[in-house]
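Presented below are the structures under discussion, each in the form of structure tokens.
You will see subunit A twice below: alongside subunit B first, and alongside subunit C after that.
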Partner chain A sequence: MIAAHYPALQIVVPLIAAPLCVLLRRGMLAWLITVAVSWLAFFIAIQLLQQVMASGPISYELGGWAAPWGIEYRIDSVNAFVLLIVTGISAVVAPYARATVDQEIPEERHYLFYSAYLLCLTGLLGIVITGDAFNVFVFLEISSLSSYVLISLGKDRKALTAAYQYLVMGTIGATFFLIGVGLVYAMTGTLNMADIAARLDAVENTRTVLAAFAFITVGLGLKLALFPLHLWLPNAYAYAPSAVTVFLAATATKVAIYTMLRFVFTLFGADFALDVTLLAEFLMALAIVGVFAASITAIFQNNIKRMLAYSSVAQVGYMVLGVSFFSVTGLTGGIVHLFNHAMMKGALFMALGAVFYRLGTVHLDRMRGLGRQMPLTMFAFVIGGFSLIGLPLTVGFISKWYLILAALERGWWPIAALVLLSSLLAVAYVWRVIEVAYFRDPPANHPKVTEAPLSLLVPMWVLVLANIYFGVDTSLTIGVAESAAKSLLGMGG
Partner chain B sequence: MTGELAIIAAILVPLIGAFLIAASHRHPNQREAATLVTATALFILVLSLLSPVLAGERPEMTLWEIIPGISIALQAEPLGMVFALIASFLWIVTSVYSIGYMRGHHEKNQTRFYVCFAIALSSAIGVAFAGNMLTLFIFYEVLTLSTYPLVTHHGTDEARRGGRTYLGLLLFTSIAFQLLAMVWTWSVAGTLDFTPGGILEGKASGGVIAVLLALYIFGIGKAALMPFHRWLPAAMVAPTPVSALLHAVAVVKAGVFTVLKVTVYIFGIDVLADLGSSRWLMYVAAATILFASLIAIRQDNLKRRLAYSTISQLSYIVLGAMLVNPLGIIGGGMHIAMHAFGKITLFFCAGAILVAAHKTEISQMKGIGRAMPFTMTAFLIGSLSIIGVPPMGGMWGKWYLALGALEADHIVLLIVLMLSSLLSIGYLMPVVIQAFFRSGDQPSGNPGIHEAPLPCLIAQSVSAMGCIALFIYPDPLFRLMSMVVSP
Partner chain C sequence: MDFLVSHYNYWIFIFLMMLGFYVVVARGNLVKKIIGLNIFQASVFLLYISIGKIFGGTAPILIDGNGTDPVIYSNPLPHVLILTAIVVGVATTALGLSLVVRINEAYGTIEEDEISEMDLEP
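And now, the complex of A and B:
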């Protein structure tokens, strides 16, 4: 019986846990609640995905109010997969958070940190699960506001400017999105996504709908850090507390990309986007330019967190590129890269968090000789780096395979060549770190560094092994991603 | 043991060996024993596959689907047998040699060295027994990565720079060209299985096949075809056993082996012969043969000279493949074996000279034959095999390559082969002459014999005798290679 309410519980549990943390006012308790809630949410997401894969989309009427008037939670293979990514990452980040939060955030704010974290989780899950366009905006704001708080808790004072920058950009993005939703509402008189999709066809050639489409894609483009709307991201990731960087890097942009997929494919429809607008061409051009610009910028960063942040912008480019093919293979590649990139960046940022935990900095120069001093952490970084490059036996290879295949299917071999060349840029920035960590002697005037504690190593290595496991056995990831791609393109599944 | 199990075991045994080696890092003798036992076990496993394969069986197994439609698949076929037999046999010899060299030269981090070595061998065997292109590519990349710590073993700036060139070029070619070619093949052919006669016939136009062939041949950077050859001299910063087994046998032969494999089983030699798409690549290989030999003559550092010689000799095999006739393929396959024995002997000797006399430059080696008679005799035998004169095995490879060139009516290539033999006399014999017929720097009479450690001597005499044995008894090799071209 409780299984029928999993969709509601997916949101309600973290939502209730957040104020509970505030009431308890104890950092330790708040952390325990966060871990328990994250694991419960992960469990629910697994159940939901199984249900969806076994018996098709789930529709859940919140509070028993029927769909067009009440809020409907609608779960198909696309968002069940994204729910799994978000909760899965949270399930490993929550145990990881404790040690880094103890060190980076003053004790009296711990419970606030955890409640903001839970709110952020609620917001991200809500965006994904809901079937109501306005509800998306509400959850978007919940997740955004809480992530501004989380970022501003960073140890460095620059975290405040970074959070402020993100706040300004994020608000512009959310506002654009809201304007778009408003225009859609004006034309269709409904906010339920399925309803909108049914009614938009009749009015799709109006200027209002076109404007709505533009506002929504640009607004979401800001949230997903699509080049050149990515400027908020590097600072936000670089100065946020370690656990927050891991969590946001692995989930926030993915959720924004999911939202774009949902609006473009389910609401407006692929035909509209292809025939009436130039979205595919725009996305492809921006994706390719973004991949190269961000990768090249990454090569010149000395703050390694910043370097990986630029790499994230590049990786968002790959996901968007996959989407821009508007084909099953391309979308499969883009969607599977949501998952795969979460695994690789999660592992990499966790390794950096452990470095920060021991060194108090992630400056390249201070990482000299770390290969010997923190062997497990740095080896995790190496494997994460391999995955980022896209070497075989890692998840990165699978994503790359699908992107190249999608390009070749269309006969666009220059795109395939560009994807491959850009992955060589990843070799350049990953290898800079490897050479410094393994070939340089540790700085003489600094105290000796020891390996990170187990509470950081275990979650890190869980993700590292996931990078390898899902690079070798793709039946789950590709299976779900392919079915998601087909359902987005209206080909059943 | 059934053939299927033997294939799996051949890949797993070196990996298990790597664990044993790592576990016994505090006990050097136990560690070296683990290496030797692993190497021997591997050779026996590979050998057990020989008679079923010669009898026409093709033990194969499909493990699991890695991407929908493409599985990790393994298969023992004649060409792979040639490569696997040579790599696994020479690993035993190299392991003996390494013990003498690494201890005699007081190298650091020996455990890491042996662990990476074992992983590299496991992936070389994986390349040999890969049943489809994706499986091969995976092992190919693991081979690149597992040898990187070996190349940069010394951890110096020079090693770091060498490693950068090594990794950069190998990853660049494999990702930018080979991976693209592979996905492209998959998208037009719908399969990546190695199939006699190829998988592209009728699936792709002549133009696409020509482009694919070029992507593969240059994408297999380990074959060191110019202009993507620079990684091989760069890899010479590694300890000598690495240069010997990996950069004269396992890694480079994995490259040319892949070239042969792709030519025969992805494209099919008849298809390529009809289209003529391989002709210009044949001339690229011929040019590499000559240019690399010319560069080799000018090198004073012995290992660098040998490296350029390897580049030149590898292109013999690429040339054999690009002749796209049966004799060329047979010649290429035979040359894999012949060159392996000859060149590993030469590297063993170069390392022995470094350990015993601390010399790396040829100009310093005057009169060294008097102090190291065994080593330099082995060097002479290895040199003669590379040059290709009887009674050395090196002759057979060149013999069939020459026949292949004649059959294809490319007299120019015949001249290239002869010129290159002359050039190889030009870069190898001066070392021997320097060693035996010039007097040393020290005028103080005869310094007496000062040879390399015993394990080094054993290893180099085994490989030198191998050169002679292969001249007398090349039959199994010939039979295996004939099966490749007429299944």
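And now, the complex of A and C:
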């Protein structure tokens, strides 16, 4: 039965495809493999989610070694949903990558690019699927190392310094995480997540466990670009190749947030985090300051990719805000925003990638009058922007609705007001682009540009339509997110 | 005092960790930063190995062949884990240094302040 081995195949297929790309040494073949593997992974993720929703969590013993000794892959509604997000984005980014990679990366490095991309996909999926605390670190480093390589392939030389900066901060984050896992192991004598969760209660009030908790949350805070640990993100996203920006912006921070959810809720437990530590208060304060600081910085950026990167920091703030409520509604909002933000940022960065493909720059000045020259691309940007603001009928509205609901549920109406207020800042930075693209004349001294090729438009519009579809029909996203939130808070489901 | 001395390996771990961290933050030379990062990572290896050590413990090998001999042995798992982390550390260092080489080719310097000055010019 092949279906029984889907959890292993989810990781093994991209992992084997990556060296295969290097062996074949042909850019075209490597791309075909990447597309095929991404779609296969997406198919597997859908199957896994259906299995989980139908019959509860799946436990897979790797190599047939029983759980506490061997490595267990454990899939419940939380990570099945995140697997779906990561593979779904990869399934649209892979076809999109071809045209932009042809233009931005020298021909002889294409196969290496796709190989690094597949390794990054493997790492992200591995972090999500595994039920072993140390295994998370290994996959974290696989995805991080390959994403440093991917970012450094950008055309601008600033991509090199951005990748270097990310390497230093990412390594510090991962090492903090490693220290935390080591301390947890010292106290519990196990690395299996379920086992740790069962044994941690007895030693909860020791200083070692508190130190482990602090190291793990700060380390992951660096990886998920929680304000003020976000400094690596804007440059990394702004100067990476277009396809890489789309992929990382839509998946990497989400996976880090998932890891934080898993460690805080499943391993340490919500009660521990609430009673013993000040995590909720810390997260809420940092999330709100982050949303405002990053949104305001975004308004003053002229490089639009950099603007959206700052907006990503702000959106991470919304997700963390949802988590910091420690309630079903709040967590639902945070988890559903993982999905929704992947949709909107994917669409927006794809539109910018198409602009870069035609213009060779994403500077605001050069985008004057682009609404008429690239109507489909810019209209995609407009809808993505509306979603970012949170207008009704888009996914962004759903996320903010749940966040505000969660705030009101606790009676914290100032938080609800701040969420609304911060949306106005999103209006400000999205409007700058719309105004320039639609209400200004194209620069006279530059050659006319035409619409982006179909291979860029189709994946872009798939995500744009997803923005609208999941903004209207929320039964899938909210349903899964709610069940995920309940299982994290230990209420079954 | 006894606590300080008996846990000296942990104090060395903390000292090395802060030392490495300080070098990463305080130095502007990109190669020195990588060296600091290396010290920082190496300190964690020491932490893991300390966790696995038992006084008087031997290597975890069955001596009498049928496993009935009650020998105290060190926990081998942290050693195995840290082998993986060492590999990761080597890969990070290699990648970091190769990025420094590329940065030197593109900018002609590996001093952080000079690079950020050059980045400010359009």
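What we mean here is this: the second predicted complex is superposed on the first by the 493 of 493 C-alpha atoms of A that agree within 3 Å, B and C clash if a C-alpha of one lies under 4 Å from a C-alpha of the other, contacts with A are read in each partner's own complex, and residues count from 1 in each chain.
Methods note: a contact is a pair of C-beta atoms (placed from the backbone, for glycine too) under 8 Å apart; a residue touches a chain by one contact, two chains touch by 3 or more.
This one's a predicted model, so the numbers in the text were calculated from it and none came from an experiment.
By the touch criterion defined above, A:G346 reaches neither subunit B nor subunit C.
Contacts of A:P442 after superposition on the shared chain: neither subunit B nor subunit C is touched.
Residue contacts after overlaying the shared chain place A:G330 against neither subunit B nor subunit C. With both structures placed on the common chain, the touch criterion links A:I404 to subunit B but leaves subunit C unconnected.
In the superposition on chain A, A:Y185 makes contact with subunit C only, not with subunit B. Shared contact residues on subunit A (touching subunit B in one structure, subunit C in the other): none found. Residues of subunit C that touch subunit A in their complex: 17, 21, 24, 30, 33, 37, 40-41, 44, 47-48, 51, 77-78, 81, 84-85, 88, 91-92, 95-96, 99-100, 102-103, 106-107, 115, 119. Chain contact summary for the complex, subunit A toward subunit C: residues 134, 137-138, 141, 145, 148-149, 152, 157-158, 160-161, 163-164, 167-168, 171-172, 174-175, 178-179, 182, 185-186, 191.
Residue ranges of subunit B in contact with subunit A, taken from their complex: 64-68, 134, 137-138, 141-142, 145, 152, 155, 157, 159-160, 164, 167-168, 171-172, 175-176, 179-180, 183-184, 186-187. Touching subunit B in their complex are the following residues of subunit A: 386, 389-393, 398, 400-401, 404-405, 408-409, 413, 416-417, 420-421, 423-424, 427, 431, 435, 438-439, 472-475, 478-479, 482.
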